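First chain written, first letter: the chains are A, B, C and D, and each begins at residue 1.
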Amino acid sequence: MSFNTFGHQFRVTTWGESHGPALGATVDGCPPGIEIDEAFIQQFLDRRRPGQSKETTQRKEPDAVRILSGVFEGKTTGTTIQLMIENTDQRSKDYGEIARQFRPGHADITYHQKYGIRDYRGGGRSSARETAARVAAGGVAQAALRQLVPDLQIYGYMVQMGAKHLDRAKFDRNAILQNPFFLPDAEAVDEWADYLAAIRKGQNSVGAAIEVVAEGCPAGLGAPIYAKMDTELAAAMMSINAVKGVEIGEGMAAAALTGVENADEMVMGADGVEYLSNRAGGILGGITTGQPITVRFAVKPTSSILTPRRSVNVAGEEVEVITKGRHDPCVGIRAVPVAEAMMACVILDQFLMDRAQTGGIRGTIG
Amino acid sequence: MSFNTFGHQFRVTTWGESHGPALGATVDGCPPGIEIDEAFIQQFLDRRRPGQSKETTQRKEPDAVRILSGVFEGKTTGTTIQLMIENTDQRSKDYGEIARQFRPGHADITYHQKYGIRDYRGGGRSSARETAARVAAGGVAQAALRQLVPDLQIYGYMVQMGAKHLDRAKFDRNAILQNPFFLPDAEAVDEWADYLAAIRKGQNSVGAAIEVVAEGCPAGLGAPIYAKMDTELAAAMMSINAVKGVEIGEGMAAAALTGVENADEMVMGADGVEYLSNRAGGILGGITTGQPITVRFAVKPTSSILTPRRSVNVAGEEVEVITKGRHDPCVGIRAVPVAEAMMACVILDQFLMDRAQTGGIRGTIG
Amino acid sequence: MSFNTFGHQFRVTTWGESHGPALGATVDGCPPGIEIDEAFIQQFLDRRRPGQSKETTQRKEPDAVRILSGVFEGKTTGTTIQLMIENTDQRSKDYGEIARQFRPGHADITYHQKYGIRDYRGGGRSSARETAARVAAGGVAQAALRQLVPDLQIYGYMVQMGAKHLDRAKFDRNAILQNPFFLPDAEAVDEWADYLAAIRKGQNSVGAAIEVVAEGCPAGLGAPIYAKMDTELAAAMMSINAVKGVEIGEGMAAAALTGVENADEMVMGADGVEYLSNRAGGILGGITTGQPITVRFAVKPTSSILTPRRSVNVAGEEVEVITKGRHDPCVGIRAVPVAEAMMACVILDQFLMDRAQTGGIRGTIG
Amino acid sequence: MSFNTFGHQFRVTTWGESHGPALGATVDGCPPGIEIDEAFIQQFLDRRRPGQSKETTQRKEPDAVRILSGVFEGKTTGTTIQLMIENTDQRSKDYGEIARQFRPGHADITYHQKYGIRDYRGGGRSSARETAARVAAGGVAQAALRQLVPDLQIYGYMVQMGAKHLDRAKFDRNAILQNPFFLPDAEAVDEWADYLAAIRKGQNSVGAAIEVVAEGCPAGLGAPIYAKMDTELAAAMMSINAVKGVEIGEGMAAAALTGVENADEMVMGADGVEYLSNRAGGILGGITTGQPITVRFAVKPTSSILTPRRSVNVAGEEVEVITKGRHDPCVGIRAVPVAEAMMACVILDQFLMDRAQTGGIRGTIG
């Protein structure tokens, strides 16, 4: 069993290799009657597109998405939606030399060990390029959520890049889309840019931490016990290339808290229950509370670097690996729109799962 | 869609409420011919059983498991295995007062909101008692792994309890099962015990961090893209009650690393490829490398505490909640055997998934 | 991957062997707030219970169902529902001699070949006894449908038993539950009884054909392309022990029809679209039309008979098999309540699947 | 939940509408290292291609398949395989008039009722054109089976077309691919051709029955209880457009048999167990016996005919429907390669499922 599908109701199967003719997403289970077109999906793809700045790989791809099925006269029909993105800039030559070598910290060796064969061109299936398909599928989810959960807003941003940390006191949501780092602090952008430039000049790369927030999600979404909202979000984020840690609300810091500190106290407000804090990250018992859902995850540094590292090749010879070609010094940056897409897919999926079982009934308070 | 099942090939569906007549696990997909009996499973249940010491709830449950199907003459037959644990010590009276109130930081309110009805006795389905069923299912997985992956060893331990941290310099695996904290440092046990006693005396509770390691797992397990070994482990751990963060290898710390630091370099050793470090936690591209798999997760403090907290009730009245009854001051402690069980289930599941697709073929090196 | 689960939203996993301590069904995904108790489920079990008459096996089993989880204060909570039926009358001795032999036409040999081990007591997992668990799960589905699709009525009946055929001109629905054959023709009962008595006296058994009808099912249920209503019903019926053929509407006879004959013409009636015929069996393109859903299936004769048949044993020796013990001369009779249960599960499952994707919206006509 | 996926291990998701830009199949779970290319898949597509003779629709489509992912240097890599077929001959004008009308016996009305929107061009998603994607996916399954189960041979043929029946005494497998009816009797071809010509001249269409056989399938495949080999085959065939009945082995005729007649007796032959008959169609208890697997199914007549039929339109007006355009007078003919493809997918899926659970171990006899 390979496993290129995620989601239960809203099921996305991604396909395609970095240097194949195309890649895309096969979306099954989308509600019918959702207004959507290629331009709507394209806006999300444009945000993760390579070649936007010197902070991201210089590979030039228009990443133009085509809807091949499932949409008729501007609306979804309830049938399979096929989204295709053609690979236009492949330059296989760049990658020829890694055909026999394994990059340290990269999936090269494990794909070889598992499958006995791998498409080594640009990392093949293990390339972060696969995430373009996720972003396209996320666009469909965003279109559906726009109609089904109109108050929902999903936004992600960088909170850390190597030694640089976001100063939360200066958090400005409006700044996020104004800079190539998705950084919610306009003043810090130059500093981060200089830092990353130095990393690149040092023939190195660096890790990052991203936070994604969903505001306006209704209470009651999440399927205990094994498809809890936090479980699904953790799986979604951990499935993104190079992610090694995921946190909901307090995350790992919860280990240091006492029960008195951790209790998100409740009072009755004008619109019903109000929480005095949100250490739970908007999820209790795997079910949403109606507070903002907050997820944080860490992305390890790009494993493809110009600094030589010790490794082996298919023949079992020890080699020094230097990875030329076009690679982001910080893959975490482009993980921001990917994480937003994954969160949109998970929330839509949970909305549909909840609608199936409960029909949307809700226990009232007061 | 409720979602009480986890796993793809080795599929475990848990059932039962804290104060119902019984709870258990329905296990589908277990290979046939696996030697197993109730005593083998019982040893794992005994490790998480309540009432073992003052560190865990005083609720007295023998937690005796019965195999109702799927095993014949001491071996699995390949059919559904039903594991049942009867609830013998329920004392529903203890819990009567929370029928209308919602404990801050607890699933009481979200279950009510989602389903419009909840079994409030002892937390019903959201009780950590559900994890007994996971441990029983984990016992089946351990029996299968004993035959299919004989070199595999899975062990978990506490690395943090509130303000107390494991001193890794003193790590002693043999100490883990010698103390009620699953602490791999015998010398620190009294200090941790005093700390937790003070927490309880203060009518409080505290969080914890647990680490689980799998040694001897072969390379090649893990199903990219959306059932990666790390994705499945993250989901498995995040599905455990009160878990808010999961890390693989370096985890969140990967955000601070450079590519040079993060690269797990490789050389050729006597038995093939040898890694000079294991920042990846034994997983690259979602597929195991053959190194130890290391997972870490944080458990928030018990939400049921004696210190009054502000909350609301079903009628929409503001109330002060004080939770009497028998509750662990640190639920994280008993999460250790639960996490071991989840890891066993995930590794077996991935072993079977890999066997399905690849037939166990492996790409050779050298 | 074993596969003891059916359903997508309403997911039933059955467990248990013919002569184990118990068998049952683990039901996941049931909507919350459904009124149900053991007595409601029991009425369905009582209809398939053995030992009711000389037409069915003399094995005496109360088949008393217990609800172990998922129901609180008379209503479903949305969590896993565990249904258990204890085996009280086992008499393993009766079956000892088939431990090494394979009954012709029976699963004995294939279970042995597939798993290398089998619980030979009473056929173990392959026994028709497994269907008791389906009927219990069907009771839960019936309870949910009673609230969600109140107009729905599901009823099955025999249309053939060996050489005996139902005379449709005499169809009387009220007669079905008045005789042990579920025969909708009171006058024919004695004749069928004599026929079956002769079959038994001849140390033989006989096949049967059953028809199941669902009236009052709304239009719009069914999930093209691969979970069509007819696809799911075909799978459900074919999964019942000894079933070898399934027909929807005209069934196999459709091969002889012309397009002019086959077209179910439509007119506008007082309540909207009216069909002038129902050759499609209430399903077009895998989606219900609102007409009665009609399914027919054939059950082969019991393979356990007293007439000696040539076979082999585990040692590879040729043997003559005579199966003593308590066996129905026509297993098809008890397939009637089983098929009703499967149809209830499928329709509920499709109702929930449709609710997930469409939210129950419907395209209007006129 | 829409449901455009079939299979458990070998999972095929089809996409595309009759008159969209393209259609195809997304194949997940294919074993790695399988030799395959577009030409191999194309041979299967060529057999179902329209426009081959006057017996099938005159729509001219090259139906050229492209492999967009999952294959590298002539072998599968274990990642998602995307197969795309572009629609080159659409002529939407032909279909304009059915935009508001519902063809009797067609999915037009139920798609409208379920989704509130439908792509009416050529039947959109409900068109038999979807089966081209199945045939392409079946080509991948055939390639995998060629390596994994080399003795397996799958072949289908017509056994009935309206009033015409195959004379089994004249069965000649070699004749099947020599005539446009997949008829295993060369002498009868002209007679069938004249019969079908008369049907068309009469502005009518006709149903058909097809039989598919798999020889050389090993014993032990099939996943009781709910993914039995016969259950999966029944679902696979019933999911094909216009199919209304499915039979395994004796099928519906089993209802007339006695146990003595139905018992497939066994003796020991040179190569182990030998069966003296095959009424079970090669499947006992849902598991293959090693005998030929025989499946039969009925296809109803094309609902798009030139003879006027009474119907209604979206406005709720009564209309007379006459369907112009290019339609097969017997859709059953092209169901033959489709059924072969479905059978190949099911057998491969079961082979992989079995490999997962049992590792291919087998209980021996003698």
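Quick note on the criterion: a residue touches a chain if its C-beta (ideal position, glycine included) is under 8 Å from a C-beta of that chain, and two chains touch if they have at least 3 such contacts.
None of these values were measured; they are calculated from a predicted model.
More inter-chain C-beta contacts link the pair C-D than the other of C-D and B-D.
Of all residue numbers used at the contact between subunit A and subunit D, over half are used by both chains, marking a mostly same-residue interface. Here the C-alpha atoms of subunit B line up with those of subunit C after a rotation of 180°, rounded in steps of 5. Centre to centre, using the average C-alpha position, subunit A and subunit D are separated by 39 Å. Distance from the subunit C centre to the subunit D centre is 26 Å, each centre being the mean of its Cα atoms. Averaging Cα coordinates per chain places subunit B and subunit D 45 Å apart.
Looking at subunit C, residues 1-5, 8-9, 14, 29-30, 32-33, 78-79, 114-118, 125, 224, 352-353, 356-358, 361 sit in touch with two or more other chains. Taken in their complex, subunit D has these residues touching subunit A: 1-5, 8-9, 11, 13-17, 20-24, 26, 28-30, 32-33, 66, 68-70, 72-73, 75, 77-82, 84, 114-119, 124-125, 352, 356. Across the complex, subunit B is touched by residues 1-6, 8-9, 14, 102, 104-107, 109-118, 125-126, 130, 160-163, 199, 204-209, 219-228, 230-232, 234-235, 237-239, 241, 243-268, 272-273, 276, 279-281, 283-289, 296, 298-305, 307, 309-312, 314-318, 332, 353-354, 356-358, 361-363, 365-366 of subunit A. Every residue of subunit D that touches subunit B in the complex is listed here, in rising order: 9, 29-33, 78-79, 224, 352-353, 355-359, 361.
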